[in-house]
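Here is the structure we will look at, set down as structure tokens.
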């Protein structure tokens, strides 16, 4: 990135003056940390003792045989503590906050994964913690809210705008400009004002660094393609980062196709034609917005992909043609999820399942002696309410109804 | 163990004649596998690529400081695929079933953890799978049932007897004697007829083998004490096994104190005086039974500890005084759980939390330069319904009530 | 060897003997009393009285339910033994106890066997006690002349059958098929070859149980087995039609 | 430099100037029209008209709600600009636009600035556009004589204030405190030292905004700042008592 936080035409730090000083400091702490090998070592130690890094790379033999094409490997970010790649980012920022000497952290969350991860980090580091979450997401991700609160965080349901992720981000910024001296904003994905996109990608880069070594061990050489779902872009940047240095590895980002690109009810920014360049939430990227520049409502079965913007770094890679972008519909996602559970005994998060969809579409046409990697950004347990709904599971409903009745007494 | 499967006065294989041949074969396959280094290597490879072994050993600094005594280390079996140590056992047996050439597996489950693990293994290995689960447990562990079914297993709710774990075991045996030629019974804990107690302990021994190496790395020498919760005894045997070879490491097994030993509503077999020697479910151990030899109802907030029997190997170690047994009440468990979430950002399963309770009681009286290890057998996400109930969380109840109403429409 | 002699003797006059089964305390001891009376009056040669156990692992739905309901009704082992003694005093056919090992173990193996001897109970069937799992039990039983009746299953190898034969006495209980009590058994060719294996393995009389339900089954067994065991079927009958129906049912089996 | 000259001139006759704020299309353009009329008639020197944006990151509850409600009512940018032009034609005080950068960006920076010039809009306040983030915007604004009004905050270093001063024109908008619009600000000693830092950093007039709500606040600012900015308070007033109440409120501020 250039010194002012741009990646080609994208990025920057479009922030109110009150945050100027904090970003200057944050940028400096980040740069120092990045230049200090001891910092990365401390990060590795933390992630290998508190979470279980390196996370495994699983050879999905049954799925590979089922599709009769390339060997499918799954990078298991679901095995992280708290169940998703989000842990990598929050723990890294936690170490930075310790260095900055701040005692309070705030975070936005969509699916609730980043919220749980941030609350977990705060508990581990002894920080006060407030999580901003759109009211819509609070309602659909209640279990995550429960755990955040149990870990000592205050969860604020944001009732403005579309009451989803983008509004949670606005509210977190409002908190930050007010408590800027004591508080660090633990941004959850590779978006937002510089240095967040680069910094979050740096912490997530551990995924790709592990994956390339693992695929060489198991497969003897590079994969031909790497698939990742794209919400804000952090898990994608995490696994793509290292492979961007290689030749002949095609990188595929999969966005939320929702009810189909044509329906307009989706969150596809880099594939399809509904998005346009814009500046919001502190950075410049491709946004789903109308002609006036007002942000549109997005839709996805996966709360974590349900967002108007995307990492400026990915917009740059998209513009340069270095990453190919596709989308998966809600229905395709449920199918891929079902198949993966039955064939491999693995439960991808709804977000992650988007990457599986595209890999499944392409695997059959690739030779059986080649390998592809799917980044499984998280586990699906957290989504039981959504998944049970999507599968319309009668005994689950009956169970919830009975519980509800007991509670009503 | 002696050739007839006894550990001191405990164990054996009290099985109907129809199973004699199968047990003979199983015993032989097991002994061959045990003598074949390639088998253990295959097991290690599987566990390090499909699950994330070695699981980390986490230094719980905040808890250690909070109690101001020994350094508390936590063995993170919660980070296994499917969220508990149960994965170690099912994957090992899966490899054995492959060798035996059987195509169907059955399993009993209490908490549902072993059921989910077994269903996962079956999906991964391509076996048909039927899970027997007491109706009471089906009702309190619905999410696990949902996942088992999604992974392609048939879940049978057992409506006989106390409709909990022991009845599920009886029913699984009934299936087995009927389908003995095609089917392997994946027993879930270190109980049952020989060779199960020894075989399950063998697969679980990976936990202690990793833990001793890890504690030496982090702490430079052995811990003074190791704590594990005890249901059937598999996670305890798993971490105790390796430490039994060491001098000066005190091993502490923690049973379910339920509403207090005095109340009679508990599942304490080796601590307290309510249990007596008996023979049931195919093995000889200390059972909670009446004077006639009829099994009693047990109680615990943790479904996985709610069982009348205990590993014959642990009964032997208890008799020899090699393991100390304590109990933790339901209330103590909720307290320890709460503290662990807030201080470390870690959510132990209700079963595991029993071990935390006893460690917390003893840590303050141990010198700060000594270490203790708690085996965190699993994660608590699966218990959200039980935990939310126990904490009487109003917004959770409101959420369930609302969902229930929506489903009733 | 009293049981063996007794059965051999009856066998002289019958080309197949009948053994029936009841679960003590189910539906009640009074009902048991009436059922036994009707069985004896209608020519049953031997009755196995099951002392209920909370974990009837080898039993199917019918007998399992009978076990659990009997216990739920408060049945104690002591009552079962008193009732067994009463039956042995009252009727002059052979009475056996069937139960699971934990009941024996908790009562005391020697004590239970002595009690059987004192009460003229002639044998014990313990499906979850393999021959090599309690020397005490087998030595005591033999010493007191109480037959420890052991079991053959289609899965038993010839070699295994020999071992079992040596440890047991009274007769051999051949389970007709894999599985638990209650379901119908196919008495087909495989069954015949199995029974022939049993014959070759032991001199003892062969009882065949598991799913023997009616006159035809018994006819099919006649000439192949020495004893036909009627288990769940009479319990079903009592559940459906009451004790009074038992007599006719039994009478019809060999006629 | 028209805005600067205009304000300097008004400042000669007033020891503090008044700038007020409205959100376009909230509650309606008609209400806006009436509110502006009353503001002008009661001596307001300058009005910032906020073009609503869906992500008003720097605004507090009152103005945020006004933004979102206006958009929910269907307000388009084109209407806002037409309305702004009408106001500038109708009333001879200075009018500015306040909005977020995306609105400018999507409309086209050059296009918007030309439109302002054509419509006699004198300045632009873009809280999320730092001075170094769009050369085009600043060069065009200066070229067309539209003042790009920049912001000081208590967190701005002296050094930073100098940089900002160089890039902006018209006047400096000093936010009275950390945080978003709407809440009351303490105009205490810290505030005074902050204002003194601002004075040292720039020759431009100082406007003070964020939480300025009544006559006392204005009195407290008089002699220290050149312009007092009334933001959320008039919106609260219109919400509570309707446009008619604005005149009296404004009149009372400096009397």
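Going by the order they are written in, the chains are A, B, C and D; count residues from 1 in each one.
As a working rule, a contact is a pair of C-beta atoms (placed from the backbone, for glycine too) under 8 Å apart; a residue touches a chain by one contact, two chains touch by 3 or more.
Being a predicted model, the structure only gives us computed values, none of them experimental.
A.B. asks: Upon omission of chain A, how do the remaining chains partition into touching groups?
C.D. replies: Minus chain A, contact groups: B, C | D.
A.B. asks: Which neighbours does chain B have in common with chain D?
C.D. replies: Both chain B and chain D are touched by A, going by the contact rule given at the top.
A.B. asks: Cα centroid separation between chain B and chain C, in whole Å?
C.D. replies: 38
A.B. asks: Any idea how many Å lie between the Cα centroids of chain A and chain B?
C.D. replies: The computed centroid separation for chain A versus chain B comes out at 33 Å.
A.B. asks: Approximately how many whole Å separate the CA-defined centres of chain C and chain D?
C.D. replies: 99
A.B. asks: Distance between chain A and chain C based on Cα centroids, please, to the nearest Å.
C.D. replies: Between these chains, centre-to-centre, one finds 66 Å.
A.B. asks: Residues of chain B that contact two or more other chains, please.
C.D. replies: Answer for chain B, listing residues that touch two or more other chains: there are none.
A.B. asks: Pick one for the touching-chains graph, please: line, ring, star, complete, other.
C.D. replies: If you draw each chain as a dot and join those that touch, you get an open line.
A.B. asks: Over in the complex, which chain D residues touch chain A? Could you list them?
C.D. replies: 53-58, 60, 64-65, 68, 71, 76-77, 100-103, 105-107, 127-130, 132-133, 150-157, 160, 164, 175, 178-180
A.B. asks: Provide the residue numbers of chain B that touch chain C in the complex, in ascending order.
C.D. replies: Answer in residue numbers: 4, 12-22, 160-161, 166, 170, 173-174, 177-181, 276-282, 287, 289, 291-295.
A.B. asks: Which of the residues in chain B end up touching chain A in this complex?
C.D. replies: By the definition above, chain B touches chain A via 48-52, 55-59, 62, 76, 79, 81, 83, 119-124, 126, 139, 142-143, 145-147, 150-152, 218, 338, 341-347, 381-382, 384-385, 387-388, 391, 393, 395-405, 407-408.
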